[in-house]
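Structure incoming, see below.
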Amino acid sequence: MIIIPVIHVNMWKGISEDAVEKIIEGITHVFVDMGIPSQAVEVIVHEIPKSHWGIDGKPATKSRPNSIPP
Amino acid sequence: MIIIPVIHVNMWKGISEDAVEKIIEGITHVFVDMGIPSQAVEVIVHEIPKSHWGIDGKPATKSRPNSIPP
Amino acid sequence: MIIIPVIHVNMWKGISEDAVEKIIEGITHVFVDMGIPSQAVEVIVHEIPKSHWGIDGKPATKSRPNSIPP
Amino acid sequence: MIIIPVIHVNMWKGISEDAVEKIIEGITHVFVDMGIPSQAVEVIVHEIPKSHWGIDGKPATKSRPNSIPP
Amino acid sequence: MIIIPVIHVNMWKGISEDAVEKIIEGITHVFVDMGIPSQAVEVIVHEIPKSHWGIDGKPATKSRPNSIPP
Amino acid sequence: MIIIPVIHVNMWKGISEDAVEKIIEGITHVFVDMGIPSQAVEVIVHEIPKSHWGIDGKPATKSRPNSIPP
(Lines give C-alpha, C1' and ligand atoms only; values in the text may rest on other atoms or scores of the structure.)
Protein backbone atom coordinates (compact mmCIF):
# COMPACT_ATOMS: atom_id res chain seq x y z
CA MET A 1 0.00 0.00 0.00
CA ILE A 2 1.44 3.35 -1.00
CA ILE A 3 -0.70 6.13 0.31
CA ILE A 4 0.84 9.55 0.61
CA PRO A 5 -0.32 11.77 3.44
CA VAL A 6 0.71 15.44 3.44
CA ILE A 7 0.72 17.15 6.81
CA HIS A 8 1.02 20.90 7.35
CA VAL A 9 1.97 21.95 10.88
CA ASN A 10 1.53 25.59 11.90
CA MET A 11 3.61 26.61 14.92
CA TRP A 12 4.95 29.76 16.50
CA LYS A 13 8.22 31.09 15.15
CA GLY A 14 11.17 30.49 17.43
CA ILE A 15 10.63 26.77 17.87
CA SER A 16 13.97 24.95 18.23
CA GLU A 17 15.44 22.78 15.48
CA ASP A 18 15.26 19.90 17.92
CA ALA A 19 11.54 20.40 18.46
CA VAL A 20 10.94 20.56 14.69
CA GLU A 21 12.78 17.26 14.33
CA LYS A 22 10.70 15.65 17.10
CA ILE A 23 7.48 16.84 15.43
CA ILE A 24 8.53 15.38 12.07
CA GLU A 25 9.61 12.07 13.63
CA GLY A 26 6.55 11.78 15.83
CA ILE A 27 3.97 12.58 13.17
CA THR A 28 5.62 10.29 10.62
CA HIS A 29 5.57 7.50 13.18
CA VAL A 30 1.77 7.82 13.52
CA PHE A 31 1.40 6.92 9.85
CA VAL A 32 4.11 4.25 9.86
CA ASP A 33 2.13 2.56 12.66
CA MET A 34 -0.77 2.36 10.19
CA GLY A 35 1.35 0.59 7.59
CA ILE A 36 2.38 3.58 5.49
CA PRO A 37 6.09 3.67 4.55
CA SER A 38 7.98 6.58 6.13
CA GLN A 39 9.31 7.80 2.80
CA ALA A 40 5.72 8.46 1.69
CA VAL A 41 4.93 10.81 4.57
CA GLU A 42 5.56 14.52 4.08
CA VAL A 43 5.46 16.86 7.07
CA ILE A 44 5.73 20.58 6.33
CA VAL A 45 6.30 22.88 9.30
CA HIS A 46 5.23 26.51 8.87
CA GLU A 47 6.63 28.96 11.42
CA ILE A 48 4.37 31.93 12.13
CA PRO A 49 5.57 34.92 14.20
CA LYS A 50 3.54 35.36 17.39
CA SER A 51 2.60 38.82 16.10
CA HIS A 52 0.85 37.14 13.14
CA TRP A 53 -1.00 34.48 15.13
CA GLY A 54 -4.30 35.76 16.43
CA ILE A 55 -6.07 34.27 19.40
CA ASP A 56 -8.71 35.93 21.52
CA GLY A 57 -8.99 38.74 18.99
CA LYS A 58 -5.41 39.89 19.46
CA PRO A 59 -1.93 38.90 18.27
CA ALA A 60 -0.45 36.23 20.57
CA THR A 61 2.28 38.74 21.42
CA LYS A 62 -0.45 40.54 23.37
CA SER A 63 -2.93 37.82 24.37
CA ARG A 64 -0.24 35.25 25.25
CA PRO A 65 2.82 37.42 26.08
CA ASN A 66 4.43 34.87 28.38
CA SER A 67 4.11 31.76 26.21
CA ILE A 68 7.14 30.68 24.23
CA PRO A 69 7.46 27.92 21.65
CA PRO A 70 9.20 24.65 22.68
CA MET B 1 -21.35 26.45 22.15
CA ILE B 2 -17.64 25.97 21.65
CA ILE B 3 -16.86 25.75 17.98
CA ILE B 4 -13.33 26.48 16.91
CA PRO B 5 -12.79 28.12 13.54
CA VAL B 6 -9.27 28.30 12.11
CA ILE B 7 -8.64 31.07 9.61
CA HIS B 8 -5.56 31.34 7.40
CA VAL B 9 -5.00 34.76 5.84
CA ASN B 10 -2.52 35.11 2.99
CA MET B 11 -1.24 38.66 2.45
CA TRP B 12 1.67 40.39 0.81
CA LYS B 13 4.82 40.74 2.88
CA GLY B 14 5.40 44.22 4.19
CA ILE B 15 2.02 44.68 5.80
CA SER B 16 2.27 46.81 8.96
CA GLU B 17 1.93 45.36 12.47
CA ASP B 18 -1.04 47.63 12.90
CA ALA B 19 -2.78 46.21 9.83
CA VAL B 20 -2.12 42.65 11.04
CA GLU B 21 -3.71 43.54 14.36
CA LYS B 22 -6.76 45.05 12.63
CA ILE B 23 -7.17 41.90 10.50
CA ILE B 24 -7.03 39.66 13.58
CA GLU B 25 -9.48 41.84 15.51
CA GLY B 26 -11.88 42.24 12.62
CA ILE B 27 -12.01 38.58 11.60
CA THR B 28 -12.39 37.42 15.20
CA HIS B 29 -15.27 39.86 15.61
CA VAL B 30 -17.15 38.24 12.70
CA PHE B 31 -17.25 34.97 14.62
CA VAL B 32 -17.93 36.55 18.00
CA ASP B 33 -21.00 38.15 16.38
CA MET B 34 -22.19 34.59 15.63
CA GLY B 35 -21.91 33.57 19.28
CA ILE B 36 -18.44 31.99 19.19
CA PRO B 37 -16.15 33.03 22.08
CA SER B 38 -13.13 35.06 20.97
CA GLN B 39 -10.66 32.73 22.68
CA ALA B 40 -11.81 29.93 20.35
CA VAL B 41 -10.98 31.81 17.14
CA GLU B 42 -7.52 31.37 15.65
CA VAL B 43 -6.36 33.68 12.87
CA ILE B 44 -3.05 32.82 11.24
CA VAL B 45 -1.54 35.47 8.95
CA HIS B 46 0.93 34.25 6.33
CA GLU B 47 3.08 36.91 4.72
CA ILE B 48 4.11 36.16 1.14
CA PRO B 49 6.71 38.27 -0.69
CA LYS B 50 5.25 39.95 -3.78
CA SER B 51 7.84 38.08 -5.84
CA HIS B 52 6.20 34.81 -4.73
CA TRP B 53 2.60 35.84 -5.33
CA GLY B 54 1.56 35.22 -8.91
CA ILE B 55 -1.27 37.06 -10.58
CA ASP B 56 -1.85 37.42 -14.30
CA GLY B 57 0.86 34.84 -14.99
CA LYS B 58 3.63 36.91 -13.42
CA PRO B 59 4.97 37.70 -9.94
CA ALA B 60 3.08 40.65 -8.43
CA THR B 61 6.40 42.53 -8.40
CA LYS B 62 5.95 42.69 -12.18
CA SER B 63 2.18 42.56 -12.73
CA ARG B 64 1.34 44.89 -9.81
CA PRO B 65 4.57 46.93 -9.38
CA ASN B 66 2.85 49.95 -7.83
CA SER B 67 0.65 48.19 -5.29
CA ILE B 68 1.87 48.08 -1.71
CA PRO B 69 0.39 46.26 1.27
CA PRO B 70 -1.53 48.31 3.88
CA MET C 1 -4.06 49.91 -4.60
CA ILE C 2 -4.92 46.43 -5.72
CA ILE C 3 -3.76 43.93 -3.18
CA ILE C 4 -5.36 40.53 -3.20
CA PRO C 5 -5.78 38.72 0.11
CA VAL C 6 -6.80 35.06 0.08
CA ILE C 7 -8.51 33.80 3.22
CA HIS C 8 -9.16 30.15 4.03
CA VAL C 9 -11.75 29.54 6.74
CA ASN C 10 -12.00 26.09 8.32
CA MET C 11 -15.32 25.40 10.04
CA TRP C 12 -17.37 22.43 11.17
CA LYS C 13 -19.60 20.84 8.56
CA GLY C 14 -23.27 21.61 9.03
CA ILE C 15 -22.90 25.37 9.19
CA SER C 16 -25.91 27.13 7.63
CA GLU C 17 -25.77 28.87 4.23
CA ASP C 18 -26.72 32.04 6.06
CA ALA C 19 -23.74 31.73 8.42
CA VAL C 20 -21.40 31.11 5.47
CA GLU C 21 -22.70 34.26 3.83
CA LYS C 22 -22.19 36.29 7.02
CA ILE C 23 -18.61 35.01 7.31
CA ILE C 24 -17.83 35.98 3.71
CA GLU C 25 -19.42 39.42 4.09
CA GLY C 26 -17.82 40.11 7.45
CA ILE C 27 -14.30 39.06 6.51
CA THR C 28 -14.42 40.93 3.21
CA HIS C 29 -15.52 44.03 5.08
CA VAL C 30 -12.40 43.90 7.27
CA PHE C 31 -10.25 44.31 4.17
CA VAL C 32 -12.52 46.87 2.50
CA ASP C 33 -12.11 48.99 5.65
CA MET C 34 -8.36 48.94 4.92
CA GLY C 35 -8.88 50.28 1.41
CA ILE C 36 -8.86 47.02 -0.52
CA PRO C 37 -11.66 46.69 -3.12
CA SER C 38 -14.17 43.94 -2.29
CA GLN C 39 -13.75 42.25 -5.68
CA ALA C 40 -10.09 41.57 -4.79
CA VAL C 41 -10.88 39.64 -1.60
CA GLU C 42 -11.33 35.88 -1.85
CA VAL C 43 -12.76 33.96 1.10
CA ILE C 44 -12.76 30.17 0.81
CA VAL C 45 -14.79 28.26 3.41
CA HIS C 46 -13.78 24.64 4.02
CA GLU C 47 -16.33 22.51 5.86
CA ILE C 48 -14.81 19.74 7.97
CA PRO C 49 -16.96 17.01 9.55
CA LYS C 50 -16.75 17.05 13.36
CA SER C 51 -15.43 13.48 13.15
CA HIS C 52 -12.41 14.82 11.24
CA TRP C 53 -11.69 17.79 13.50
CA GLY C 54 -9.49 16.80 16.40
CA ILE C 55 -9.34 18.73 19.64
CA ASP C 56 -8.13 17.46 22.99
CA GLY C 57 -6.74 14.34 21.31
CA LYS C 58 -10.14 13.14 20.10
CA PRO C 59 -12.54 13.85 17.25
CA ALA C 60 -14.86 16.75 18.17
CA THR C 61 -17.75 14.29 17.89
CA LYS C 62 -16.39 12.83 21.14
CA SER C 63 -14.63 15.76 22.85
CA ARG C 64 -17.31 18.34 21.93
CA PRO C 65 -20.45 16.18 21.46
CA ASN C 66 -22.91 18.94 22.32
CA SER C 67 -21.46 21.74 20.20
CA ILE C 68 -23.09 22.44 16.88
CA PRO C 69 -22.03 24.84 14.12
CA PRO C 70 -23.94 28.14 13.75
CA MET D 1 2.90 27.40 28.44
CA ILE D 2 -0.07 27.67 26.14
CA ILE D 3 1.05 27.36 22.57
CA ILE D 4 -1.51 26.39 20.01
CA PRO D 5 -0.40 24.28 17.05
CA VAL D 6 -2.79 23.80 14.14
CA ILE D 7 -2.21 20.70 12.03
CA HIS D 8 -3.82 20.04 8.65
CA VAL D 9 -3.67 16.42 7.48
CA ASN D 10 -4.44 15.63 3.85
CA MET D 11 -5.41 11.99 3.23
CA TRP D 12 -7.22 9.94 0.62
CA LYS D 13 -10.99 9.80 0.91
CA GLY D 14 -12.28 6.48 2.21
CA ILE D 15 -10.11 6.36 5.30
CA SER D 16 -11.93 4.66 8.18
CA GLU D 17 -13.28 6.58 11.19
CA ASP D 18 -10.99 4.47 13.32
CA ALA D 19 -7.93 5.54 11.33
CA VAL D 20 -8.97 9.21 11.59
CA GLU D 21 -9.23 8.81 15.35
CA LYS D 22 -5.78 7.19 15.55
CA ILE D 23 -4.28 10.04 13.50
CA ILE D 24 -5.83 12.66 15.79
CA GLU D 25 -4.72 10.84 18.95
CA GLY D 26 -1.22 10.15 17.66
CA ILE D 27 -0.49 13.63 16.38
CA THR D 28 -1.87 15.28 19.51
CA HIS D 29 0.34 13.00 21.60
CA VAL D 30 3.47 14.29 19.79
CA PHE D 31 2.73 17.79 21.07
CA VAL D 32 1.62 16.68 24.53
CA ASP D 33 5.03 15.00 24.83
CA MET D 34 6.54 18.46 24.29
CA GLY D 35 4.56 19.95 27.15
CA ILE D 36 1.63 21.40 25.19
CA PRO D 37 -1.81 20.67 26.71
CA SER D 38 -3.98 18.41 24.53
CA GLN D 39 -6.89 20.84 24.50
CA ALA D 40 -4.64 23.35 22.70
CA VAL D 41 -3.86 21.04 19.77
CA GLU D 42 -6.13 21.17 16.73
CA VAL D 43 -5.86 18.47 14.07
CA ILE D 44 -7.94 18.99 10.93
CA VAL D 45 -8.22 16.01 8.57
CA HIS D 46 -9.05 16.80 4.94
CA GLU D 47 -10.23 13.86 2.84
CA ILE D 48 -9.36 14.13 -0.85
CA PRO D 49 -10.80 11.70 -3.43
CA LYS D 50 -8.08 9.65 -5.15
CA SER D 51 -9.27 11.16 -8.44
CA HIS D 52 -8.28 14.60 -7.13
CA TRP D 53 -4.87 13.61 -5.74
CA GLY D 54 -2.21 13.81 -8.39
CA ILE D 55 1.03 11.88 -8.20
CA ASP D 56 3.33 11.03 -11.08
CA GLY D 57 1.39 13.40 -13.33
CA LYS D 58 -1.86 11.46 -13.06
CA PRO D 59 -4.74 11.10 -10.62
CA ALA D 60 -3.93 8.42 -8.00
CA THR D 61 -6.91 6.45 -9.36
CA LYS D 62 -4.68 5.82 -12.39
CA SER D 63 -1.12 5.99 -11.02
CA ARG D 64 -1.91 4.10 -7.78
CA PRO D 65 -4.98 2.00 -8.72
CA ASN D 66 -4.35 -0.71 -6.16
CA SER D 67 -3.63 1.45 -3.13
CA ILE D 68 -6.44 1.99 -0.66
CA PRO D 69 -6.55 4.24 2.41
CA PRO D 70 -6.19 2.62 5.88
CA MET E 1 17.95 15.99 -7.44
CA ILE E 2 14.92 14.86 -5.52
CA ILE E 3 12.91 17.83 -4.43
CA ILE E 4 9.30 17.29 -3.53
CA PRO E 5 6.86 20.11 -4.27
CA VAL E 6 3.35 19.92 -2.84
CA ILE E 7 0.69 21.89 -4.68
CA HIS E 8 -2.80 22.60 -3.38
CA VAL E 9 -5.31 23.71 -6.00
CA ASN E 10 -8.60 25.26 -4.88
CA MET E 11 -11.35 25.15 -7.53
CA TRP E 12 -15.11 25.38 -7.70
CA LYS E 13 -17.02 22.18 -7.13
CA GLY E 14 -18.48 20.68 -10.28
CA ILE E 15 -15.26 20.67 -12.28
CA SER E 16 -15.13 17.67 -14.64
CA GLU E 17 -12.88 14.66 -14.01
CA ASP E 18 -11.23 15.48 -17.31
CA ALA E 19 -10.41 19.01 -16.18
CA VAL E 20 -8.98 17.69 -12.90
CA GLU E 21 -6.75 15.34 -14.87
CA LYS E 22 -5.55 18.17 -17.14
CA ILE E 23 -4.73 20.31 -14.09
CA ILE E 24 -2.70 17.50 -12.51
CA GLU E 25 -0.86 16.74 -15.76
CA GLY E 26 -0.19 20.37 -16.56
CA ILE E 27 1.08 21.40 -13.14
CA THR E 28 3.27 18.32 -12.82
CA HIS E 29 4.76 19.11 -16.22
CA VAL E 30 5.87 22.56 -15.00
CA PHE E 31 8.07 20.91 -12.38
CA VAL E 32 9.27 18.12 -14.64
CA ASP E 33 10.50 20.85 -17.01
CA MET E 34 12.67 22.08 -14.13
CA GLY E 35 14.27 18.66 -13.68
CA ILE E 36 12.06 17.30 -10.89
CA PRO E 37 10.88 13.70 -11.42
CA SER E 38 7.09 13.42 -11.92
CA GLN E 39 6.72 10.86 -9.13
CA ALA E 40 7.95 13.50 -6.65
CA VAL E 41 5.24 16.03 -7.51
CA GLU E 42 2.00 15.94 -5.52
CA VAL E 43 -1.00 17.93 -6.71
CA ILE E 44 -4.00 18.03 -4.39
CA VAL E 45 -7.23 19.43 -5.83
CA HIS E 46 -9.75 20.80 -3.31
CA GLU E 47 -13.28 21.31 -4.63
CA ILE E 48 -15.18 24.13 -2.95
CA PRO E 49 -18.92 24.68 -3.55
CA LYS E 50 -19.63 28.05 -5.16
CA SER E 51 -21.76 28.86 -2.09
CA HIS E 52 -18.62 28.59 0.05
CA TRP E 53 -16.34 30.65 -2.20
CA GLY E 54 -16.61 34.34 -1.44
CA ILE E 55 -15.69 37.02 -3.92
CA ASP E 56 -16.81 40.64 -3.88
CA GLY E 57 -18.21 40.15 -0.36
CA LYS E 58 -20.75 37.53 -1.42
CA PRO E 59 -20.83 33.80 -2.20
CA ALA E 60 -19.95 33.18 -5.86
CA THR E 61 -23.45 31.73 -6.28
CA LYS E 62 -24.61 35.34 -5.98
CA SER E 63 -21.68 37.44 -7.23
CA ARG E 64 -20.85 35.09 -10.14
CA PRO E 65 -24.17 33.32 -10.82
CA ASN E 66 -23.46 32.58 -14.48
CA SER E 67 -19.92 31.23 -14.16
CA ILE E 68 -19.49 27.47 -14.16
CA PRO E 69 -16.35 25.43 -13.58
CA PRO E 70 -14.62 23.85 -16.63
CA MET F 1 -16.53 32.56 -17.67
CA ILE F 2 -14.79 33.98 -14.64
CA ILE F 3 -13.69 31.22 -12.35
CA ILE F 4 -10.96 31.98 -9.87
CA PRO F 5 -8.56 29.20 -8.95
CA VAL F 6 -6.19 29.70 -6.02
CA ILE F 7 -3.04 27.60 -6.06
CA HIS F 8 -0.65 27.19 -3.13
CA VAL F 9 2.78 25.82 -4.03
CA ASN F 10 5.04 24.54 -1.26
CA MET F 11 8.74 24.39 -2.20
CA TRP F 12 12.10 24.27 -0.50
CA LYS F 13 13.59 27.59 0.52
CA GLY F 14 16.43 28.71 -1.68
CA ILE F 15 14.62 28.36 -4.99
CA SER F 16 15.75 31.03 -7.46
CA GLU F 17 13.59 34.01 -8.42
CA ASP F 18 13.74 32.72 -11.98
CA ALA F 19 12.34 29.33 -10.93
CA VAL F 20 9.54 31.01 -8.97
CA GLU F 21 8.65 33.02 -12.07
CA LYS F 22 8.61 29.88 -14.24
CA ILE F 23 6.32 28.11 -11.74
CA ILE F 24 3.88 31.04 -11.73
CA GLU F 25 3.89 31.32 -15.52
CA GLY F 26 3.58 27.59 -16.08
CA ILE F 27 0.78 26.96 -13.61
CA THR F 28 -1.19 30.00 -14.80
CA HIS F 29 -0.87 28.71 -18.36
CA VAL F 30 -2.53 25.41 -17.39
CA PHE F 31 -5.67 27.30 -16.41
CA VAL F 32 -5.52 29.75 -19.33
CA ASP F 33 -5.53 26.68 -21.61
CA MET F 34 -8.88 25.76 -20.02
CA GLY F 35 -10.39 29.14 -20.85
CA ILE F 36 -9.76 30.94 -17.55
CA PRO F 37 -8.34 34.47 -17.91
CA SER F 38 -4.80 34.84 -16.53
CA GLN F 39 -5.75 37.75 -14.28
CA ALA F 40 -8.11 35.41 -12.39
CA VAL F 41 -5.42 32.87 -11.48
CA GLU F 42 -3.57 33.33 -8.20
CA VAL F 43 -0.44 31.31 -7.50
CA ILE F 44 1.04 31.63 -4.02
CA VAL F 45 4.51 30.15 -3.50
CA HIS F 46 5.44 29.22 0.07
CA GLU F 47 9.14 28.63 0.72
CA ILE F 48 9.89 26.13 3.48
CA PRO F 49 13.43 25.65 4.86
CA LYS F 50 14.72 22.10 4.27
CA SER F 51 15.04 21.78 8.05
CA HIS F 52 11.27 22.23 8.32
CA TRP F 53 10.30 19.83 5.54
CA GLY F 54 10.03 16.29 6.80
CA ILE F 55 10.35 13.28 4.56
CA ASP F 56 11.19 9.75 5.63
CA GLY F 57 10.72 10.72 9.28
CA LYS F 58 13.54 13.27 9.23
CA PRO F 59 14.11 16.85 8.14
CA ALA F 60 15.15 16.96 4.46
CA THR F 61 18.45 18.46 5.62
CA LYS F 62 19.19 14.95 6.93
CA SER F 63 17.18 12.63 4.67
CA ARG F 64 17.95 14.56 1.46
CA PRO F 65 21.26 16.32 2.26
CA ASN F 66 22.42 16.53 -1.35
CA SER F 67 19.23 17.82 -2.95
CA ILE F 68 19.00 21.50 -3.68
CA PRO F 69 16.06 23.51 -4.99
CA PRO F 70 16.08 24.62 -8.67
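A, B, C, D, E and F are the chain letters, set down in written order, and residue numbers restart from 1 in every chain.
What we mean here is this: contacts are C-beta pairs under 8 Å (C-beta built on N, C-alpha and C of every residue); 3 or more make two chains touch, one makes a residue touch a chain.
All of these numbers come straight from a predicted model, not from anything done at the bench.
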Shared chain contacts [chain C and chain F, defined touch]: B, E
Matching chain pair for A-B (criterion: over half of the contact pairs shared, by residue number), options C-F, A-E or A-F: A-F
Chain at maximum distance from chain C, centres defined as averaged CA atoms: F
Between E-F and B-F, the pair joined by more C-beta contacts: E-F
Separation of chain B from chain E, taking each centre as the mean of its C-alpha atoms, in whole Å: 21
Centre distance in Å when chain B and chain D are each reduced to the mean of their C-alpha atoms: 25
Multi-chain contact residues (two or more partners), chain A: 4, 6, 10, 23, 27, 29, 42, 44, 46, 53, 55
Pairs of chains satisfying the touch condition: A-B, A-D, A-E, A-F, B-C, B-D, B-F, C-D, C-E, C-F, D-E, E-F
Of all residues in chain E, those that touch chain D in their complex: 17, 20-21, 23-25, 27-29, 32, 38-39, 41-47
Chain B partner contacts - residues on chain C that touch it in the complex: 1-12, 19, 22-23, 26-27, 29-31, 33-36, 53, 55, 60, 64, 67-70
Chain D-facing residues of chain C, complex: 10, 46, 48, 51-59
Chain E residues within the chain A interface of the complex: 4, 6, 42, 44
